[in-house]
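Structures given as C-alpha cells follow.
Next, two complexes with subunit A in common: one pairs it with subunit B, the other with subunit C.
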Partner chain A sequence: MEIKSILLGHGSGGKLSHDLIEKLFSKHFDNPILKQQSDSALFGVEGKHMAFTTDSFVVDPIFFPGGNIGKIAIAGTVNDLAVSGAIPKYLSCGFIIEEGFSYESLEQIVVTMAEEAKKAGVQIVTGDTKVVDKGKCDKVFINTSGLGFLDEKYKPISSGTGIRPGDKIIINGSIGDHGMSVMAARNDLNISADIKSDCACLNHMIADVLDQTTEVRFMRDATRGGLGTVISELVQNETYGIEIKENQLRIHEKVRGMCELLGFDPIHVANEGKVVLVVGKKDAQKAVEIMQQNEYGQQASIIGEITEDYKGKAWLETMIGGKRVIEMLSGQQLPRIC
Partner chain B sequence: MEIKSILLGHGSGGKLSHDLIEKLFSKHFDNPILKQQSDSALFGVEGKHMAFTTDSFVVDPIFFPGGNIGKIAIAGTVNDLAVSGAIPKYLSCGFIIEEGFSYESLEQIVVTMAEEAKKAGVQIVTGDTKVVDKGKCDKVFINTSGLGFLDEKYKPISSGTGIRPGDKIIINGSIGDHGMSVMAARNDLNISADIKSDCACLNHMIADVLDQTTEVRFMRDATRGGLGTVISELVQNETYGIEIKENQLRIHEKVRGMCELLGFDPIHVANEGKVVLVVGKKDAQKAVEIMQQNEYGQQASIIGEITEDYKGKAWLETMIGGKRVIEMLSGQQLPRIC
Partner chain C sequence: MKYIDEYRDRETVLALAEEIKRQSTKPIKLMEVCGGHTMSIQKFGLPYLLPETVELISGPGCPVCVTSRSYIDQAIAYSRLDDVIITTYGDLIRVPGSSSSLEQERANGANIQIVYSILDALKLAKANRDKKVVFLGIGFETTAPSSAAGIIQAQMAGINNFSVYSAHKVMPPAMATLIDEGVEIDGYIGPGHVSTITGSGIYMDIPKKFGLGVVISGFEPVDLMQSVLMLVKQIENDDQKVEIQYTRVVKPEGNVKAQETLDEVFEYGDDWWRGLGVLENSGLKIRAQYDKYNTEKILDVTVEPTKEPKGCLCGEILRGVKKPKDCKLFGNVCTPSNPIGACMVSSEGSCAAYYMYNR
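Let's turn to the complex of A and B:
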C-alpha cells in the first residue's frame, strides 16, 4: 500500500511501523548491520562485540505512576542492549525542550535519569539540548542511544537463530501495566485506576540468567505493541510456531478492567519492564527461578512454548480452551506510550 | 542565576546552554567521561579508542537552500566525531514525526541522509521512529548518534591540551552561510537572499589533514553560536589568549548584508560545514594547503593565532585596526538553526 502521509500508527511498533521501516529506512539505509533488524545493532571491534541502539521518547504525560519520561529513556535503552545479550555501558541523551518548560520538572526528570543510570550501572557520557518555540513540541522529548559489549557466545540471541521446537517462552511478570498506567494518567480520561507502570532497567536480572544458564536462545523487551507483537514477530517466516497459554499470563485486575473499558487487548498493551525469553527446555525452569530472585522478576513464569505445528503463526490457547491467532498490532492502539 | 523555566537561549549553544549543562546535566550525570565536555565522549575499549556523540536536529524550515534536516543530521554528527580526531563509522537515527507529515518529504529527507552517509563513509546501523499527534511537534525532528574510532595519538585534540602560544587558527572558508540561509528560508521573513547553507560532512578533509601533518592541537566545528563561541570557549580559563584578524575572515556579501539587516554579528552565526583548527606554526600553512585541495576547504585560511597576551580572552582585530573582545553568544540569536 502506498503511504501518502505519516499516521500515528507508523510509530506504534506494530504493522504500520514495520511497513515504514521496510519501505523507507531499510531500503535507503541498506547495510548488513541494519538488516539484522534487532533491538541493537551488533558489530565487532578488535575482537570485541558491541551493541548500539537508539530510542526517542515522547510519552504523554511525562509524569505517570511508577515513572516519568526520564526513567523510560534510561530503562528503554538499557533494556534494548540487555536483550541483545550485551552489558550496557555508555548512554547518550538528547533533549528537545519546549520553550517555557518548567526547570523544576526538567530537573526532576534529569535526577530520575541519573538515579536509574546509577542503578543500571551505565554512564551518560554525551548529550545535547535543543529548545524549540512554545507550541512546537510537547514539553520534552528525550532520545537516548546506548552502547554495550557482548560476549561472542551471546551473538545468536538477538536474532534468535538457535530457537527450536520444545523451547519455552518466559516472561518476567504481568503484562499491560505500563500502557494502562500512562492511559490512566492522561488528563482527558479522568480515570483514577491506581495502576503503576512496570518501567525498570532489567539488565542485572538478564545478566544473572545469562551467567547461570546456557540455553537462552532469544530475548526481547515487550514495549510498544506488547507481548503480542514480540511473539508474532518472532515466528514470522519461521519454520516453527508458538503456543501461548492465556491462563499463564498475569494481568492485574485493574489493568484487565481498564482494557475492557477501553477496548484494548492486554496482549498488545505496552510494557516497559518486561522481557520475553525463549529458553531451552533443560534450562527454562532454572531461568524462571533465577528471575524470581530479582525484584523485577518475582512473578516470572513459563507462558508457552515453541511448537513444530502452526509454522509461522503464534497461537493463544484461551482460558476456555479455544484458540486464536496472535497478530502483530495493526494500526495504532496507544499513541505516545513511550 | 536561578533558572525558572527553559528559554530558547538554553538551546543556543551559547552562554545559557553552558549554564544549563553545568547546573543540571553535568551535576547530575557526573562522570569522568562526560566531564571532558568535548564534542564526543572518548573512552577506551580493549586498547582501541572510541568516540561517541549525539545531536538532535530541529531546524526550521526543514528544507533550505543547500540542504535539509536530514543532511544536517548526518553532517552534524559526522563532524562532531571527526573534530575529535575519530574516523566516523556507525550512526543511529531516531525520528520524531508529526502525524500527517508528508511521506514524500520524509522520503526526500531519508534519501538525502543515505546519500550523505555514503559520501561520508558511515553506516546508519540502528534507528527508531515515533509519531506524535498533529500539533505536538513541528513536522520532523531527527536525532543522530555516532560512533567513531581514533588513534591514541589524536586523543589530546578534543581537549586541546597541546595548544601553545604561536599556534595558528585556521578555518576552512566563509562564516555565517548556514544561519543566514535558514533565516532567509523562513516563511515569515520574505527575504530572497540566494544564500546557500555550507552544510557538509568534513571528515575526509579532516582525515587528510591529520594524515599529513603532526601538529593539529585542536579542532571544533563552528555550529550553533558560530566561530565566536568556539573561539571564546577555547580560551576560557586558559593561560593563553587568541587574536583573530577580521580582515582574514571570509563573509559572503549577501551574508554580511543580511546580518546587517537583521542585526546579527556574523561571528556568532551558525555554520554546518566549518571546522576551526588550532595547528602548530610549522604545519599551519601545510594544513591550509591540504584543506584547499578538498571541495569543502577551497577557501581555507589562517585567521589568527594563539597569543601569550590576553590570557583567557579572545580578541578580534577589526578592519579599521581597533580591537574588541569576542564573547560567547549570550542569550539566543537564532533559534532552531540546526
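Let's turn to the complex of A and C:
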C-alpha cells in the first residue's frame, strides 16, 4: 500500500518501520555503508575500524521504575555499538525540550546520563539544546549518537554471516520487563504493577564474552519488537531455521500477568537491557557462564538453536509441547516505549 | 500465575492429547466460534498435538471481522465531524474502510481515542462537555452488557454528550446458519465468554435441531484440549449434547444481572454478518427509549458508498469453508501491517492468528 501519511506504526520498529526505511530512507540515502543495515554503521578511518550509531528517545512517561529517558538514551546507544562487537567510546547528545519543563527533572535526567556514561566507560563529548513552544513536544526528547572502535575479527558479528546450524541462541535474562514497566507507569491504564525496567548498558558483559570466547557469530539487542522480532529477522535470509523453547524463556510473573491482561505476547514486548547472541556449540555454555558473572546476565541461558531444517522459519516449541511460528511484530504494539 | 499455570501444564496437555488420539476414530471437523479460542489454539500450537482425525476450523467468532465495512465507513464519517471524539477498543482502529481507516483519519487530525472500557469513554464525555463522545460498540453478548451499562450510567449521571454506535451481535443465529448452509462441522467448541453472560441454554437447539454437540470451553490449553476430548467422546458415542467444560466460570443460567442490563437497553433486530449476510434477530439494536444515546439517531452523516475489496476471502474464512492459506492475498498482499480484510486486523481474526503463529 502506498504510504499517504505517517502512522504511529511507522515508528514501532516492526514491519511498518522496515517498509518506511526501505521505501524512503534507504532509497534516497543509498550508500554501501547504510546498506549493511546493522545496529551500527561499520567503516574504516585511516586503518581503524569504527562503529557509528544514532537513536532518538521519546519514552512516555520520562520517569519509570528502573530508569528514566536519560538512562535509556545512554544504554540504547551504548548497546547498539556493543552488539556490533565494538567498544563504545564517545557519545553526542541532543535535547529537544518543551517550554516550561521543570529544571529539576531535567537535572535529574542529566545526572542519570552522566552516571550511566561513567559506568559504561563512555564520554559525552558534544551536544545540542533546542527549546520548542509549550505543546509542540512532550516534556523532553533526547537523541544520542555514539562512536566506537571495532576489532576487525568482530566485523561479521553484526550481519551474522558466520551463523551455521547447531549454533546456540542465548539471551541474558527475562524478557518484556521494559515494555510492561513503561505501560504500568502510564496513568491511563490504572494498573499498579511494580515492574522494573531492565534498562542497562551491556557493553562490559559483552566485552567479557568476546574476550574469552571465539565463536560469537551474531549479537543484537532485543529492543522494540522484542525477542520475537530479532529471531524472525535472523531467519529472513532463508539459509537456516531456528527453534526456540518457550519453557527456557524467563518471564517475570508480573510481566506475564500484565501481558495476559493486555493481550500482548511477551516475545514481542520491548527490552532495554537484553542481548540475543548466536554462539557456536563449543563456546555456548562458556558464554552463558561468563554472562552469569555479570550483574546484567545472572539469568543468562540457552533458549534455542539454529537448525538445518525448515530454512527461513523460526519455530517456537510452546510451553505445552505444541509448535508455532515466531513472526516479526507487525503494526504498532506500544507507542513511545523508548 | 495462579489460576492460569494449572491450565498450561505440559503433562496434562500431553496426556489429554494422548487420550484424544486413543479415542478418536472418525475424521471430524470442530469449529470454534470465539476469536479468543482461535488465538489461543494458534498461540499454543495445539493443532500440532492433535491426531490427523481431528481438524479445528475457525468460525465467525471475531467481532471485528464479522462487522460490515459500511459500519467502518460510517464511523469514519462520524470521526470527520468537528466536535466529535470517537472512542473505541484498539482492534477496530486499523480495520480498512472503503477508502480510509480510523488510524488514517487519526493521522489526518480526527480525535480518535483507544479505550479499554466504556467507562473511560464516559469519563472523557464528562471532561469534554463541548464535544460529542461516540463509543463504537462492537462485540457479542460479552461486551454488549457493558455498552448497555454505559448507557444506563450516562443517563443516571446526566451525561448528554455520549452515545453508542452499536454493531453488537448475538452468536446463536450464526451458529445455526452455518449448519443450515451445509458447512461441514461435526461439533462446536462453544464460546466461553459469551456463555458466561448467556449461560448454556442458548445452544440447546443445536443438538436438538441439527444433531451437533456444543462444548463450552475455557481459553487455556488444558481447557481446549479437554473440550476437544469431550466432543470426540460425544461423536464417537453418538451422544451429542450441550456440555460445559469451563465450569469454573460458566453457569448454566449465565449472569442474570448482565442479561437484564442487556435486555433493558437492547432489543433484537436483523443484522448483516460478513460471510453470512443478513441474519434474522442476530443484532442488538438500542431501544427507542434510549434514542438520545444512539449515535445513529442523533448524528447525521453522509457515508461514502461501500466498496468491498477484490479477492479477499474473509467471508469464506469466517464460514470455515476456506482457511487463511487458501486466500491468494494472504501473507503477500494482505498482512497485519497492510490488512485488506478485517480478519487480518483483529488479534482475534483467523488470518492474523495464522499469520502470527502458523504461517
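Keep in mind that, in the parts below, the second predicted complex is superposed on the first by the 338 of 338 C-alpha atoms of A that agree within 3 Å, B and C clash if a C-alpha of one lies under 4 Å from a C-alpha of the other, contacts with A are read in each partner's own complex, and residues count from 1 in each chain.
The rule we apply is simple: a residue touches a chain if its C-beta (ideal position, glycine included) is under 8 Å from a C-beta of that chain, and two chains touch if they have at least 3 such contacts.
Note that the structure is a prediction, hence the values are computed from the model and not measured.
Of the two partner chains, both subunit B and subunit C are touched by A:Ser5. By the touch criterion defined above, A:Lys282 lies against neither subunit B nor subunit C after alignment on the C-alpha atoms of chain A. In the superposition on chain A, A:Lys153 contacts neither subunit B nor subunit C.
Using the contact criterion defined above for the overlaid structures, shared-chain residue A:Thr318 touches subunit C, although it does not reach subunit B. Shared-chain residue A:Lys48: touches subunit B; no touch with subunit C. Taking subunit A as the reference chain, the count of touched residues is higher for B when subunit B and subunit C are set side by side.
Contacts of A:Ile21 after superposition: subunit B is touched, whereas subunit C is not reached. Within the superposed three-chain model, A:Arg164 lies out of touch with both subunit B and subunit C [touch as defined at top].
In the overlay built on the shared chain, the residue A:Val132 is in contact with subunit B alone; subunit C does not reach it. Annotation: subunit A residues 4-9 touch subunit B in one complex and subunit C in the other. Of all the residues in subunit A, the ones that touch subunit C in their complex are 1, 4-9, 14-16, 19, 189, 247, 253, 256-257, 260, 263, 265, 316-325, 327, 330-331.
Taken together, the subunit C residues at the contact with subunit A in this complex read 1, 4, 8-10, 13-14, 17, 42-49, 94, 103-104, 107-108, 116, 221, 335-338, 347, 355-359. The touching residues of subunit B, counted against subunit A in their complex, run 3-12, 17, 20-21, 24-25, 28-31, 33-34, 40-41, 43, 45-48, 50, 52-58, 60, 90, 92-103, 106-107, 110-111, 113-114, 117, 123-133, 135-138, 141, 143, 145, 147, 149, 335-336.
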